[in-house]
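Encoded as C-alpha cells, the structure appears first; notes follow it.
The letters A, B, C and D name the chains in turn, as written, and every chain counts its residues from 1.
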Amino acid sequence: MLGLNKKDTSLLIIVALLTLLAPFILNPFPADSAMAQFNAGYPDLMQRFVIFGIFAIGFNILFGLTGYLSFGHAAFLGIGSYSAVWMFKLLSYNVIPAIALSIVIAGLFSLLIGYVSLRRSGIYFSILTLAFAQMSFALAYSVLSNPKFNLTNGETGLQVYADDPQIFHREGLPDLPHLFGLSMRSTYTLDVGAWSFDFNAGYYLCAVVMMIVFYLAIRIFRSPFGIMLRAVKSNQQRMNYTGLNSRPYTLAAFVISGMYAGLAGGLMAAMDPLAGAERMQWTASGEVVLMTILGGTGTLIGPVLGAGFIKYFENIFSKINDSVLHGWFAFLPDGMEDFVVAVLHPFVGKGWHLTLGILFMLVVIFLPGGLVEGGQRLINWIRGKRSGETDKPSGKTEPAE
Amino acid sequence: MGILEVKDVGKRFGGLQALSNVNLSVKENTVHAIIGPNGAGKSTLLNCLVGKLIPDTGSVMFDGQSVLGRAPYEINQMGISRVFQTPEIFGELTVMENMLIPIFAMRDGAFRMHAYETVENEREVIEQAEQMLEEMGMADKRHMHSASLSRGDKRRLEIAMCLSQKPRLLLLDEPTAGMARADTNNTIDLLKQISDERDITIAIIEHDMHVVFSLADRITVLAQGTPLVEDEPQNIRGNPKVREAYLGETA
Amino acid sequence: MSNKPVTRRGVLKTGAVAGAGVALPTIFTASSAAAYTNEPTGGTVTLGFNVPQTGPYAEEGNDELLAQQLAVEHLNGEGDGGCLNTFTSKALKGNGILGKKVEFVTGDTQTKSDAARASAKSMIEKDGAIMINGGSSSGVAVAVQGLCQEAGVIFMAGLTHANDTTGKDKKANGFRHFFNAYMSGAALAPVLAKEMGTDRRAYHLTADYNWGWTQEESIVASTEAMGWETVNTVKTPLASTDFSSYIAPVLNSGADVLVLNHYGGNMVNSLTNAIQFGLLDKVVNGKDFKIVVPLYSELMAAGAGENIKGVLGSMNWNWQLQDEGTKAFVKSFGEKYGKPPSNSAQTCYAQVLLYADACERAGTFNPCGVVEALEGFEFDGLGNGPTLYRADDHQCFKDVLVVRGNMNPTNAYDTLEIVEITPRAQVEYAPDHPMFAGGDLGKCNPGA
Amino acid sequence: MDAILLQILNGLDKGSAYALIALGLTLIFGTLGVVNFAHGALFMIGAFCAVTLQKIFSLSYEVIDETQTDFLGNPLKVKTPYVESWFGPELGAVIIDWSVPLAILFAIPIMLGVGYAMERGLIKHFYKRPHADQILVTFGLAIVLQEIVKYFFGANPIQTPPPAALSGSVDLGVALGFDPNAIIYPIWRLVYFLFAVVIIGGVFSFLQFTTFGMVVRAGMADRETVGLLGINIDRRFTIMFGIAAAVAGLAGVMYGPLNPPNYHMGMDFLVLSFVVVVVGGMGSLPGAVLAGFLLGILESFASTTWATTTIPGINQIIIYLVAIIVLLTRPRGLMGRKGVMEE
C-alpha cells in the first residue's frame, strides 16, 4: 500500500491507529481514580508527544542513517517557532502559512549551518553544530530582543500583541491559532462512565502531520537515497571510491532533518503561540539526541517512543507531589504510609530528573538497542522464540525495526 | 598510447622525496603490476592515481583526460575502480545492499536525491546486482551482513562491487596482503578469470612475487620512488637490478 | 462560539454523574456544560501552583510551594488560620472557598517559559485548575500570564520584578502582588542619597535579558534624578558563572558605586567576585566604595553568605516586619516548617488568600467576577501595610522595604536588616508611565 | 595597558578551570576512547568535597542560651563545633578556616575512588559500544550524581570561603609601576592559577618521566600494539581514569572560593569543556591546556566594554565563534591527532 511493502504498511497502520486512538490509549484510568495521575491523554501532552516525535524522526534521518551526531538541532526547532509566531503577528492566526514558513526558514538555516559544519566529521562536526546552536540561543535570548530590533522577545518568548498588524485577521476568527477558523484549542470531551477522553483539534492536526512525515521517513529509509545515507555512516572511504559524493548526501539529510525540526517548531507555535528562547538551548538539542538513542537509533519507530518516554516523565512524574503520594498510600497504616512516601519522595515531583537519569542508565545498560530492542525482546519472549541468531537482522534489505 | 599514462610524476613529503620522475604507461586490456620493496613509493603512486594525493610535478592521464585535481569520486566516475589492501565494504549493510550502491552510482552519478523511490522497485538494478553476485559465487550470501563475511568473501564482494561498475581500469592495492595461501590462490584465480573474461585493464600493486608472476602481463619495478625497470615478467625474474633492490632491502 | 478552550473538570463531573447509571456513552461538548473554564461543580476547587522545582531556582520554588500549601490549610480552616485573622477583608470563613474545599496540584516551571506553560497547561487541561499561582522569574510570569489569559483562568503572579509584567505585557486575567523594578528604584534612591550622598558615580552590571534591562533603566533613572552620574552599564550573559572579567575594570573606571542588576545565582557569584576583588575596602574619589543589589531575596542572601554585609537593596517584604499580618504569617510558617518565610513565599501566600477572598466577595469563581472584585481592591493585614490592587494595570501598590546585609547576624535568618520602609506614596507612578507604556489589559476572559 | 594585563590575568584564571577540566576529559578520550558526559559532575563532586569537609568541621553541639532568642522568640540554641572543643578554640578555628585547602587531601582519595568505581562499574562495559550509548549512559550518570548532591545539599549555592590569610586582594599594579588600584587582583585567584599550573605540570611530568606514564602515552598512540607487548594496558587506563577524575575534582575543590558551588555547576561547565577539548584537538593533552587558556583569555577580552560596544553580544558568543573559526581553519583543532573521534 502507498508504495510500501507489507511490513512497512502494517507499521504505518499501527502508528496511525496509535496516534488516532491516543486519547483513549493514554487515558486508561478513570478520571477520578488515584491512578488518574498517570493519565497522559490531555491535549497539551498529546501534542507534545507527537511534536517531539516529529522532531526525533527527523533527527534520526540524520543521526540514525548517516551517523552524524548534531548537537544543535534545537536551533532549527526554535527558528521554526519564531518564524511561525512572526507569521501570526504579521498575517493572521491561520496555522498553514505559519507552518509552511517555519519549514522553509528552518530549511534555509540548516542549509547554511549544515554546509559549514559538514566540512568536518565526528566530534568536530558535533561541536560545530553545538556552537552554532548556542550562538543562536544566546543571541535570541538577549541581543536580538533589544528594544530597537526585537526579533525574538528574549526571555519571555515571542508572542502576538494586540497592536500587531495581523493583516488577514478578521472579526469572527478565533484569537488563537486556527485552521481556517477551527481553533487549535477546541476540544471535544467524551465521557464514558467514569472515564473521560479529550479530542483536541490541535492534537489531530499534529497527528495527521506526523503520519505524513512518518510515511515520508519510511520512504526515505527504503529509498536508494536512504541506502546512500547508511553508506555514509558505514564507510565514507568506500563511498567516495565508488563514485559517490558523500557531502551532498549528508547535507541533504541534514537539511531534511532541519526541516523536520522546523516543522516541529512551527507546530509547537501553532499549538501554543509563544516561542521561548530556551527551546534552542543545548539542553534541548541534547534532549532529542537522548530521545533518539533511548528509543533506538536508526529504527523507524524508536525515536517516537523515546520522545514519548522523556516527555511523559517530564510532564507526569514532575507533578506527583507528596500529597498525591499520601493519597495513593492512604490505605496503609500511618507509619507505613509515611515510610513509603518518604522512600518514593526523592524520585517524583522535584526529583523527576533523578528517575529519568536512572532510567537512561538502565535502558542503555540492559537494552543496547534502546526501547525498540526492549519491545523486540518482549515479543520474542511472548512468542517463546529462541533468542540469538533470529534476532540479528537477516533476510532483509532494510534495517531492523 | 596506454589507457593510463603517468608522466614525470614527483611527490615530496617534507624532506622525503617519495616519488620522482615516475613514468608509466598501462596498456588497455592488460594486467600491469607495480612492484617494489617497502617504502618504494607504491602506495603514494596509487594515491596519486585515484585523487587522494596530488603530485607536485608531472601529469596523470586516464583515457586522454587528466585526473589531477579531481576528487576520488570523480575519478571513479571516469572509469577507475579501486580495491583496497584491507577490503573496504559497507560493513553495516547486507551483501545485496553493498552491491546496489555501486550500480546506483554508475546509473545516477555522484549524487541524486532519489529519496522517494523505493529500492524494491528498482528491478533492473537489483537484477544486475544479483547477476554479479551469481557470477562471483556469492548469491547464497546476499542477505548476510557483510561485516560477518569471511576475509576472502569480503575481498570477493569488494571486487564484485568494483566490477559491477564496469570500470575500464581496476586498481588493486596488494589484494592478497595478510591472506592465507589458499585464499591467495583463490584470489589469483578470481583475478585471472576476470582479466580473461572481461574487457578490463588491471593495475595491481603487489609485494608478493608469486601473485605478480601468476597474473601480470607487464611489470614495473619501483625503487626509492622511481621506476627501476619496466618489462615482461620473464625478463624481470632474472634482472640483477631488481635482485639488488630486493636484496638491498633484506640486507 | 463553537470553538472553546478545554474545560475539563466541570464536564467530567457532570459526565460522571450522567454516565453513572447507564453503560452507554454519554457525550457532552465542552461548551454545553460550563459557564467558564474549569468551573468547579463538585465539593472541591483546584488551584494550580506552578513553581520551579528543578534548576537553579528550586529552593525559591520550594519556599513558595510551602507557603501555598500553608495558605490552602488556612483556607480550609486547618492550622492556626494565619493571616485570615489579620486580613481586613472578612469574607473568608475558613471553610474553603465558596464552601468548596480547596485542593491543589503542583507543576515544575524549570524557570523556562516553555516548560512553565506546559506545566500550567497540564494543570488547567488535566487537573482542572481554576487559578495558577507562583513562579520566580519575569519571563515565566509573562509567558504563563499570557497562557492564563488565553485559557480563561486567573493568574496570580509569584516573584516577578520586571516592569513589563504589569506594563507592556499586562493581561486582564493576571495580577501581580510583588513589587517591580520601578518601585525598587523609587524606594532605593532616597536611601542611597542619604547614605552615600548625591554626587556618586555608578557602574552597572546588568543581566543581559529583559528583567535586567528594566531594572537597570529604573535604577539609572531614579539615581540620575537625584544627581548621580552613570559611568557605565555593562551587560553580562545570563549563562555567566564567573564575573571576574566584568568586575576587574570597575575600580579603574572612576566609579565609586557598583550596582548589580543580577538575580539568583548570577547575583551570588557577581557579589562574591566583587568582594574578592576587594571593592568594598577601597576608597575612590575620596569616598568609600559601595555596592548596591537592587533586588534582594533571602535565599540569595544565604547563598552570598558573608559577602552581603553592608550591601543595600530592596525587597517586597521581610519576615522581620512588626505588623500584625507579618507576625501571624511568620508564626504559622515558622511553626510548621522551622524557618522564616522568604519574600517570594509571602507573595505567593498573600496571592492565594487574595484570590480566595475575591472569589468569596464576587460570589463566583468566574474569572471575570474575580477580576472585578480584585480591581481597585484596598486591603491590609497581609504583611505589607495598606495595599491597593490598581485597576489600571493589576499591580499592587504598597510599602517597599530597603534592606541592608546585616553586619552582625545572630542566626541564619537575620542576614538582612530593614533600613527603611518606603511609604507607598513614594513608589507610586501613573499607569501611563513611559517605563510601563505599550501594553493593554484587554478584557477578562472567562474561557467558556 | 593595565586593563589589558588585568584581562590577561582574568583569562588565565578562567583558563585554569577550563584547562583542568579539559585535561581530564581529553585523558579519558585519549586513553579509553570514551565520551564522558559525567566529567562535569566530577568537577562538581570535587567542589562538594570541600563543602562536605566544611560541614564536617562545623558539626557542632548545641547549648541553649536563655539570654538570647531566635526568630520565633524561643531561647537561642548556641552551637559550638566539635573541632573547636577537641583542638581548642584557636587551632579549631584555624582548621575550620583552612577547610578548603585541607579538602584537597580529603578529595584526592575520594575522587580516585569515584573515578575507579565509575570506570570499573560502568564505563568499562561501554568501550565497545557506540559513542552515542556512552553519551546516554554518562549523561544519565551525571544527572543522577547531581540530583543526589541536590538532595543532600539543596539547590542553593553554598559559600566555601578561602582561608582568611588568602582572601582579599593584592595590588599587583603598584609592584609593576602602575597607579594604585590599577591592577587589583584577588589572592585566591592567583592561588588558583598557580594550583592549576602545578597540577598540569604534575600530570605532564607523570606522563613524561615515569614508566607508567610512558606506557600510557604509548597506549594512547596505539593501544593494540602496547596490548600485544603483554602489558596490561587496561589496568593502567583504569588508573588514568581515576587520575582524570581526581584532576577534575581538585579543580572543583579549589574553585569553590571563587564562585560558591551549587549542584548544577558541572552541567554549566560540561558543554564548555567539550568545546575546549575539541578546539584543542581530540587526544591532545597540550592542546587541551592551550585551548583552555586561549579561550579563557579571549572570553575575558570579549567582555570588556570596548569589545561589547564594537560588536554587541560578542561576550555571549565568543567561545563558540572561536570554536567555529578554529575548526574551520584547522580540521582537527589546534593540536589534534588524525583519526581520533572523527568517524
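Just so it is clear, contacts are C-beta pairs under 8 Å (C-beta built on N, C-alpha and C of every residue); 3 or more make two chains touch, one makes a residue touch a chain.
Since the structure is predicted, the reported quantities are computational estimates derived from the model, not experimental observations.
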TODO: Kindly list the shared contact partners of chain A and chain B, in label order.
DONE: none
Task: Between A-C and C-D, the pair with more C-beta contacts - done: A-C
Task: Where chain C and chain D are represented by their mean Cα positions, the distance between them in whole Å - done: 36
Task: Distance between chain centroids, defined by C-alpha means - chain A, chain C (Å) - done: 33
- [ ] List the centre-to-centre spacing of chain B and chain D in whole Å, with centres computed as mean CA coordinates.
- [x] 52
Task: Length of the line joining the C-alpha centres of chain B and chain C, rounded to whole Å - done: 74
Open item on the list: Counting only residues that touch at least two other chains, what does the list for chain A look like?
Closed with: 138, 141-143, 353
Task: chain C: positions in contact with at least two other chains - done: 58, 62, 208, 235, 237, 239
Task: Touch relationships between chains, expressed as pairs - done: A-B, A-C, A-D, C-D
TODO: Show which residues of chain C lie in contact with chain D when the two form their complex.
DONE: 55-59, 62, 208, 232, 234-237, 239, 241-242, 244-246, 248-249, 251-252, 265, 268-269, 272-273, 276-278, 281-282, 284, 299, 302-307, 319, 330-331, 334-335, 340, 410-411, 413-414
Open item on the list: Looking at the complex, which residues from chain A come into contact with chain D?
Closed with: 63, 67, 69, 116, 119-124, 127-128, 130-132, 134-135, 138-139, 141-143, 146, 282, 286, 289-290, 293-294, 297, 346, 351, 353-354, 356-361, 363-365, 368
Open item on the list: Help me check something: in the complex, which residues belonging to chain D touch chain A?
Closed with: 35, 122, 125, 129-133, 135-137, 139-144, 146-148, 151, 271, 274-275, 278-279, 282, 312-313, 316-317, 319-321, 323-324, 327-328, 331-333, 341-343
TODO: Sort out for me which residues of chain B touch chain A in the complex.
DONE: 50, 71-73, 76-77, 81-82, 84, 88-94, 96-97, 100-102, 104-106, 108-122, 143-145, 161, 165
- [ ] Show which residues of chain D lie in contact with chain C when the two form their complex.
- [x] 2-3, 6-7, 9-11, 13-14, 68, 70-72, 76, 150, 154-159, 161, 167-169, 181-182, 184-186, 188-189, 258-260, 262, 264-265, 268-269, 299-300, 303-305, 308, 313, 315-316
